[in-house]
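Next come two complexes, and both contain chain A; in the first it sits with chain B, in the second with chain C.
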Partner chain A sequence: MRYDAVVIGGGRSGCAEALRRASDGQKVCLVAAGLTLHSLEPELKGKPYSELHNLTKAGIAVLRGDIVEEVLWGATASDPVRAVKTANGITLEAAEYVLATGRFFSRGLVADMEGVREPVFGADVDFPEDRSKWFDPDFFAPQPFESFGVKTDKAGRILKGGKPVENVFAVGKILGGKHDAGR
Partner chain B sequence: MAGESSKPTKNREYDVIIVGGGITGACTARDCALRGLRTLLIEREDLCDGASGRNHGLLHSGARYAVSDPEGARECIKENLILKKIASNCVERTGGLFISLPEDGLEWQANFVQKCHEAGIPAKILDPEKVKREIPVVNQAIIGAVSVPDASVDPFRLTDANALDAIRHGADVLKFAEVEDFVKDGGRVVGVKVRSKDGLAEYRGSQTVLSAGIWAAGLAEKAGVHISMLPSRGALLVFGHRVADVVINRCRKPANADIIVPDDAVSVLGTTSDKVPFDQCDDMRVTPAEVELLLKEGVQLVPCLAQTRILRAYAGVRPLVSEGGDGRSVSRGIVLLDHEQRDGVPGLITITGGKLTTARLMAEMTTDLLCSKLGIKARCRTADVALPGSEKPVRKATGEYYSLAAKGRHGSEGRKMDFTGTGAELVCECEQVTRAEIVYCIKEFGVRNLQDLRRHCRIGMGTCQGNHCVRRAAEILAEELGCPELARQFVDDYLQERWKGMTPVLWGDTLREAEFMRNRYGRKDYEI
Partner chain C sequence: MQDANISKLNFEACQKCSLCNEVCPMMAANPLYPGPKKAGPDQERYRLKDPEFYDYALKYCLGCKRCEVACPSGVQVADLIQKARLEYAPASKHPLRDAMLANTDFVGTLASPFAPIVNEVLPLKPVKAVLDGAFGIDAHRTFPKYSAEKFTTWFARHAKKAQEGFDSHVSYFHGCYANYNYPQLAKDFVKVMNAAGYGVHLLEKERCCGVALVANGFEKQARRQAKVNIASMGKAVSKGEPVLTTSSSCTLMMGREYGEVLGLPTEGYRDSLSLACKWLYEKIESGEVKLKFRKDFRMKLSYHTACHMQRLGWQNYTIELLRMIPGVQLTVLDQNCCGISGTFGFKKEYYPYSQKVGSVLFEDIRTSNPQAVVTECETCKWQIEMSTGIPVLNPISVLAAAVE
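Take a look at the complex of A and B:
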């Protein structure tokens, strides 16, 4: 099965990206970890995204309750991604992939004592090594960990080992500070 | 507890004023009240705010001290058996293990068991293969294991129960009031000057007891008495579930992070031991270095701790009386100072050192001294009379499912809760706290805020760290206190306090929880 784009992540940014690409005439598949695509954003108060109803209408294939578990890379590490495989065993091929998996809560970024990593593509992540710089002691102050995100080039392609991956883009909260600054 | 009945009456003359409402002060207040002394207990914060509430919650069998401090070990096993009897609803008889790893060798174990037996501690050598099979989380490299009667004790509940019993026998308890100075008559201490939100007040008593932990040193100075104390800081980690159902210790010379204790729904690993200056005794933030040390050692006991969610980190300060050394080699024995004898300051006594496990004994020793000074002949009964909640040991709580957790926590006191109507509403899912239990705690213990409330019923102490229940609890508290406008303040303050414990372990699922919490409450105008 080949698409123009596979969007990974069924949050607000993932849905918006899928719709934007579909309205440009692309064949899009959206992989959403959640079954209902509910929001954690306070302003949406847990209501499903209204865009959701438009996804199927726009011809977007939606895989609910599934995540990307494996990436099939090209011959060398710097080559573009050939396909991704989901936990449910579905292989999705596309010209472009969009990472919209969000931050920590949605597991777009995973932190342990050693540091922060991006689990799907292993994209480079921007964060300070000193863990005491991850937070502000005042709970209500902006928290540094909320601006952690994957590194990208000017075109929005993720960096891996300092080099852009040709056909993988990142959108939404996983962009960290760059995302919030643009809002 | 701070209900009107227990508040000090103006101009009342006391036999004893006890300064410091930790476990030692509460036990002393109970002993004094049971012996008929007119007693006032004063605490600057809520009960159990200091070291009494910042420890493992371990009821020592004494085994840990059997080799290094045989006297302390004998005290522990005696008190261990007494508390299991008089405070059955505060104690969980988990049992304890002392495991030997290859690098520890078995020589220490042989001597350890011998010393345990000499101290009267029933220590039994187990087959390590059987232990590995029965407790799969234990380090599978163990070459030896010994069982001892260690147990888990809830220090908050134990302190509450002692204070409640003191009040029921006529004592007054004054919380949220700080002793600023002593009232003196010639060289004699005849009372205290106390600062609270109501202003400055004076209370008079024939004898004053300092049971203020590490803070006793500073108070004593104001009476012209020097106590050479060594503040020894200990940091601990709370894991998100009960990793094992027994206390697990390392069978070697006591060191860092070599005990893990099951406490209610969680496990607590600790501790470190670091000498700190007095001006840092009120700064309880845990450092990344402490967390790393705790985990590095903790995984030797239970390797899966490396992957287990850590809910928070906290620290307390042991009140050791200083003789130099690193804080662990100093005797942790009970120190009772009669300042009339020692310093020529009549009317003042200090009780310090000791352990949570031996607090009742410390109180007995203190009250014996008080009685001899006051010329009162009354026998100590605290070892025989059960504490409130434990009068009729509840082997298994019965009733509607939503009342079981409360009955488990409060024992026979659970009868005073009204689970009808809205009382049955579940407020805190993690710890199964209902509205009925909250209302009981607010009335019985005179809480000011949610931090106080959690000490009495564990609200917000579970995996969500208050994320789900804090708003509901704040509403009930504000309503019960008759000041609905305070609800938002309660939530703000509670979250700041929880944040302090979460930030040192801000990775993995705790970081996920933090992001969720920030989404919910991060903006000051969050919906209440």
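Take a look at the complex of A and C:
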């Protein structure tokens, strides 16, 4: 299916981004692994988040319970993304893609023996090689791994192999360098 | 390394967030049901230790799979519950009734030749009272009508020859409902496919997909029938034909549950199995198919996303396809369960829950006041027609009425 934008991730940032783009008149598809934010956080049902109820009313195609499994790249790896394929077998084509999959808990970032990676597009991730610098032994101190995230250029496009991918943007917690411990 | 420690149904990944409980329609209607989180991943740990821990209340699970859609961690909650029921559930108190409800092929073959009589007799009050008292089929429930001529008979007599005039073909899994009860749907499918420039082949052998057998605990028979379907679909796919269906539950059963619940190989056909609406939309989008619609077609419709359709995640294809028809005024209803859950709502002990679960949807439908409700699921159709009095159509029937 063809859209102006495909937003991957149904949390706060993903929903906000989808709504912003829809209100600009774009045809938007939102892919959410589970439910979307409004159903996830009942305490947000009041203002100022009330607009989040209205994803479908804003004309956004919401794919609940689905994840992006495969990325169809252009001819070379640095080319823009042509389409993404979901676990339910849906091919989504769009002019722009927005990565809003969050950090570790939502598996926007995955840490394993090799390091930290971003599983959807394989974007460059900002983290120190030295594992001992990933965390602070003091449990209550701000933890360094909380500021890991994908690298972007100034326009918010993700970097892959050091080069920006023309049509993939990142928003929300998956962005590197942010720190929200103690919030 | 870690993979070896993770079960196939992924229950270790449960974070106890309770989103599944939030969306469970049965939990909201029935305080006796512990909810998908407890019934699925929580109790699985105990069941693995000792089958004694099997909770009788699992019988209330509708199998709607909304918990799986809601789960952000990919736990197959409903499959866990279904598998536990197949393995540990005590024998049914109404074995004959369950067998009658689940064996759609057998009952359909039996009822079809006597359709005019069966259709007259089943709605009679004394008959309903007997079914209620002796069998445990609730007297409030309306039975679907049987057709005097099966679809397969009609196809062989009137349509088969004409199909060879087309260059490309699709294979059609019609399902029991279109064959025994409502052949018009299958005829509509043939009409739409022919209008799209494709001929229709039937599968070499087709059995009921077995969704009702699994729900009623007849695992062995389900597996037997599944093997027949898998072989037939594999043959169609090897000829280069996609296998199309018009029922969301059959599609989910064959595309997913054959592998996940029955443990059968699905690789041979899985990617070629599709709902007719999804396949059509993709063909139209790629420009391979053009459908010409009547200019004078007018209809006010409400789309109901059946639970299994939501699990497939393909509802947007149908919605967009319906929006392509000029003259269709479409309301997309909020995603609520109708409550019937196949054979579940026929059973006397569950009927009240079934209606309670569906009440939200019925109210929504009445408010939107359509000429017809559109949904892919045949049992939703029975439930909605019985409970609201508003006719329910398969999207393929809408397309058939709208094409030139």
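Definition applied: the second predicted complex is superposed on the first by the 160 of 183 C-alpha atoms of A that agree within 3 Å, B and C clash if a C-alpha of one lies under 4 Å from a C-alpha of the other, contacts with A are read in each partner's own complex, and residues count from 1 in each chain.
One rule holds for everything that comes next: a contact is a pair of C-beta atoms (placed from the backbone, for glycine too) under 8 Å apart; a residue touches a chain by one contact, two chains touch by 3 or more.
This is a predicted model, so every value here is computed, not measured.
In the superposed pair of complexes, A:A33 makes contact with chain C only, with no contact to chain B. Once the two complexes are laid over each other on the shared chain, residue contacts for A:A111 go to chain B alone; chain C is not touched. By the touch criterion defined above, A:G65 lies against chain C but remains apart from chain B after alignment on the C-alpha atoms of chain A.
Using the contact criterion defined above for the overlaid structures, shared-chain residue A:Q143 touches chain B, although it does not reach chain C. By the touch criterion defined above, A:R103 reaches chain B but does not reach chain C. Of the two partner chains placed by superposition, A:Y3 touches none, neither chain B nor chain C.
Of the two partner chains placed by the overlay, only chain B lies in contact with A:S132; chain C stays clear of it. In the superposition on chain A, the residues of chain A touched by chain B in one structure and by chain C in the other are 40. If you check the complex, the residues on chain C that touch chain A are 19, 22-23, 68-74, 271, 281, 285, 310-314, 316-317, 320, 332. On chain A, the positions that touch chain B within their shared complex are 40-42, 45, 103-105, 107, 110-113, 131-132, 134-135, 137-140, 143, 145-146.
Remark: chain B residues 285, 288, 292, 295, 492, 495-496, 499-500, 503, 506-508, 511-512, 514-524, 526-527 touch chain A in the complex. For chain A in complex with chain C, the touching residues are 1-2, 33-35, 39-40, 56, 61, 63-67, 86, 88-90, 106.
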